[in-house]
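One chain, subunit A, links the two complexes that follow: it is found with subunit B in the first and with subunit C in the second.
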Partner chain A sequence: MYRQKYIFLLPGLLVLIAVILFPLLFTIRVSFSSWDVYNPGLNNAGGAMYARMWEDARYWEALWRLSLLSVSTVLIQYVLGFALALLVWREIAARRFFRVLFLVPMMTTPVVMSVIWRTIFHESLGPLNPILNAIGIGAQPWLSQPGFAFAAVMIVEIWQWTPFMFLLLLAGLLSLPSEPYLAAKVDGAGPIRTFLSVTFPMMGAISVGAILIRAIEASKIMETVYVLTSGGPGTSTETVSYYIYIRGMRDFQIGYSAALSLTYLIIMAVALTLIAKALMRLMVRGANA
Partner chain B sequence: MAEIRLETLAHRYSPGGTYALKPLDMIWRSGGTYALLGPSGCGKSTMLNIISGLIRPSEGRVLFDGQDVTAFDTGRRRIAQVFQVPVIYRSMTVGQNLGFPLVCQGVPAAHRRKRVEAIAERLGLTGALNRPANALTADQKQLVSLGRGLVRDDVAAILLDEPLTVIDPQQKFELRRILKEINAEFGVTMVLVTHDQTEAMTFAEEVIVMNTGEVVQAGSPRDLFERPLTRHVGSFIGAPAMNFLPATAQGGAAVVPGTGLSMPLPEGAGSALSLGFRPEHARLATADAILSGTVTRLWFEGLDEIIAIRHPAGEIRLRAPAGTGLVPGDTAGIALDPGRLRLYLDDRLMA
Partner chain C sequence: MLSLSDLTLTESGVPHLAGISLAFRPGLTTLLGRTGAGKTTLLRAIAGLAQPTGQIRFNGEDWSRLAPWQRPVAMVTQQFINYPHLNVLDNLAFPLMRRGEAKAAARETARDMLGRVGLSQMASRRPSELSGGQQQRVAIARALVKGAPILLLDEPFVNLDYNLREGMREELSALLQASGTTVIYASTDPREALRMGDQVVLMAEGRALQSGAPRAVFAAPETLDAARVVNDPPVNLLGAAVSDTTLVLDHLGPAPRDLLPPLPPGRYTLALRAEDIRQGGSLMTRVALTEVSGSETVTHLDAGGQPLVMLERQVAEHALGSSLVVTPDFKAALIYGPDGRLIAKGGRNG
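For the complex of A and B:
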């Protein structure tokens, strides 16, 4: 009955295949070739690219660095965003002001904003080091020392995305019912106990959502690194997507970068699924009981 | 277990604004059951929140057993409040929920466990102690809310803010029974806020009827039923509502024209008279009928039947035993014991 209905689904399905499935399948095919600048075209290289990747320490280091970067920045963003949201939650005027103000970092193009931050961090011309000198901390090698460069990338990421956490968590706080707070008051709970027993558990689901959205975004971090440090000094701030960009777009090793991309995709999909599961179990207690 | 005394208590949400709660004095005896009854926005929840300390009154004092608690925080007042929506701490088990007020007070774990077990046993929650509180049904959650209040050794009063609204009718009955039992057993003062007259009348020994921020009448359910102080109370309490017919003054008596309804009129009473009587107090009659009219509608209510009769003076309803055999369009007469008739002047009870 009504078999014709599938005809109406066809345009959508075709677009889906063209837009999603084809590039994916093509990438898989490319990853089994040794397409590069000397031998362009699809040949059959078997698993040579994957074997090469297995040996490529720079790739695995980038992956490890990316994990460290995204986990730490997302966590700090969450804590800061939550703290800010709690601060302005009860103040209507402050809420309006910060909601508008905090949209600015999010709306700025990452490249533009990274250029501005690079200028701020500039060791001889930027305004940051003179300020640090003036308050007695002293100038720091922001972009020329591995540890500092990594911190600089982290600062920019946190600066740009804490507002996102803030807005999402503020919306969550504003949607909470008032009765549990009245009950906690009646039961004699203080502010800290109220937060731990009432606010935090009720914010569990939205927290997981916010953290996951940010984690997915953070796992693709690229523009900030590209503009701020270009992965340097050395490879000390290189992330996976930036390394793939170097291999694919600069060295034109299409086959190899396809293999890297696919592996990266699978690792991220698995990792994020596990993180999502763990967060759900940890933070949304009672919801699935 | 405390006597609650409200002294010239009043509240305005903004200074100089209108009263959400007009000045009132009231004493609620320790261990009593009270119901605040009124439509939405009549100030009953405001009053309850003032007693629990969630709202600081703009005027007057609240005393528990003679001690002025007006400036006290909610936590220090030793009261329990059950809200319309069941409130449980969803990250905790039932046992942890019940013990939460004691944790806040810093009660030692051993004593806490003993209290929680005793209360859980009393409320029939023993089997659920280690289950997540979120998995309970609505009525069980309300029991947990109630239990959090009872678990304290020193609870002064239990305030119930429409706690039965979201409960299924079957469980409602059960929960009300548990509340009454707990009141009898623990001797704890209970104040119920509700807009459901049946709930108020069956639960409380004293019902306080409120409207637009003031107490209209406070008294036993029987008092409210027999002698409503205003027409508002008469219509609000009882189902169907009390009958009111406009009356005129004729030679020292208030008379409803075209009927045999009349009452002696006190000196000096003038306009806006009406006579009222309960549908339950009238009966169908032919010989001694004091008024008769056309039957317009009939409602079936089990053993009873509600009959609406149209008379030029207005519509009258009466409750009669089922099986009258009347159908709309019939003519019916009613009789009434004169002692049941009430006289209202400007909507207030005169006699």
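For the complex of A and C:
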């Protein structure tokens, strides 16, 4: 009788195999071929693509750049999102208006917003440099100098995704019980101490969740880079996703891009697991000690 | 000494505190009143969690502008309030650390207190892993460990079962003995209030009706409102019209004039406690409801339109709707004038 349950599971398992397992296994197979525009098809190239990847400094640089970009933008998004959520958490005037206003960037299409930001950053035609000139800072080479271009990508990412962090953290704040705050007041904790000893630790679990979701998304940054800088100047803003896109879709090196993708998948899975464990220790268990 | 002067708090037109002036000395004072009487608001005002007008002074220092965290008070509420993200030991250490104690020293003091309340074994558990009684014991221990000169207890045992409540009440009294703390204990239960307090304050509708030693307050509630608050089961109120020669009780009819002491002609209200209505005699009533609680029976009677409540110190069976003959003990009656103030005690046996 209990075997019947497998019949009910079968449709789900078939979808899983078709949607996840087959593409993954196929990618593994492709990564061991040298499938490209000159040799289309599944030949057997052994580990040649992986050996090439090991020597490919551009890939590892992109990975390092992506790590830097992800960690810095997600951390800034967390701090800003938390600050904004705290701002509209309690009773303030026009609280509903601000809650909606803060969510607007998240609701816009990344590609469209990247185009708009590219216009804003445009060194001669955009509105940003005249403003900087007017306040005495002076015009900046936003998209033509590596450091500035990297900062531009960061700004757009932070602008676009801070609202997501804000939304999750505000939901977390609104779900907090009010009683510990009453206890903290009577126990002698002022507003800052209450935040550090009550709000922040109680937000540990949701903070970890929000950071991880954003870290997973940030590790796939693609549209912003594609539209804003196209990875340039040079390769200074090239991320892993964009580099894999260049190799796979522009150069049609299918076998090589499969090897890059798989390695990237494994590195991300390991890195995000380690980050999740560290965050759990730091923000959930550690904060409670 | 903690003194309150003309504390008033009105929200949305509803008076929560209506000009309360009281003084609290070290020892246990009970605030007794029904739900909505203003007990919790008064405790919150003392803790700084509500902002009434008027003045709160402690040993001469004006607290009116002090934030809650600057006031040397500890508070336990009827909900089991603890820090859900901290274990039991750190819950107790929290107020000590806020006071500036080092973590290790605070934990040591907290461990001592846990031993005193019998929770040493639970030190590493989270509050959510404890029973309701244990959670409240943690909250009480957290309040006590501060050693604050003022301890506010807002019906701390109301959500506990009877046995646990009795046990914890005794434990608390033992812990507080000779502590020199000013303890203010809010309760809706007259028996608890009269048993626990060195002093009792009767409250209703945001006002302090009467205060004093529990026995004195119970023996002579100064107003009808006070008589209502201090009695459980509810006090029997009988309207009476007195002239020089006659006495007519509302619903019950004429009665011998000498049932009551000499009084000027007028209308009066007689307050008779439930235990002062006894079986036997000549007053015919009908049983409207019988409540057996523990070893006591409270019977609600209808005497020709006059509701009466009778308390018997035994388990008694009175069939609903059956007739019952009772005697009001007018000797024990409290007599209130038209303004609701106590003017005389006792008549003669009816």
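Definition applied: the second predicted complex is superposed on the first by the 280 of 289 C-alpha atoms of A that agree within 3 Å, B and C clash if a C-alpha of one lies under 4 Å from a C-alpha of the other, contacts with A are read in each partner's own complex, and residues count from 1 in each chain.
Just so it is clear, contacts are C-beta pairs under 8 Å (C-beta built on N, C-alpha and C of every residue); 3 or more make two chains touch, one makes a residue touch a chain.
For clarity, every value in this text was computed on a predicted model and none was experimentally measured.
*Asks:* Could you check whether subunit B and subunit C clash or fit when both are placed on subunit A?
*Replies:* clash
*Asks:* Counting only touches as set out at the top, which of subunit B and subunit C does A:Gly12 meet: first, second, both, neither?
*Replies:* Touch partners of A:Gly12: none, neither subunit B nor subunit C.
*Asks:* Where does A:Gly234 make contact in the superposed view: on subunit B (first), on subunit C (second), on both, or on neither?
*Replies:* Neither subunit B nor subunit C is touched by A:Gly234.
*Asks:* On the A-aligned overlay, A:Gly138 touches which partner chain: subunit B = first, subunit C = second, or both, or neither?
*Replies:* Touch partners of A:Gly138: none, neither subunit B nor subunit C.
*Asks:* Looking at subunit A, which of its residues have contacts with both subunit B and subunit C?
*Replies:* 177, 179-180, 182-190, 193, 197-198, 201-202, 204, 287, 289
*Asks:* Which residues of subunit A touch subunit B in their complex?
*Replies:* Contact set of subunit A toward subunit B: 177, 179-180, 182-190, 193, 197-198, 200-202, 204, 285-287, 289.
*Asks:* Going by the contact rule at the top, pick out the subunit C residues touching subunit A in the complex.
*Replies:* Residues 47-49, 67-70, 73-75, 77, 79, 81-87, 90, 94-95, 98-99, 139, 142, 146 of subunit C touch subunit A in their complex.
*Asks:* Residue numbers of subunit B touching subunit A in their complex, please.
*Replies:* Residues 52-54, 73-76, 79-81, 83-85, 87, 89-92, 100-101, 103-105, 131-135, 145, 148-149.
*Asks:* Would you tell me which residues of subunit A are touching subunit C in their complex?
*Replies:* 177, 179-180, 182-190, 193, 197-198, 201-202, 204, 287-289
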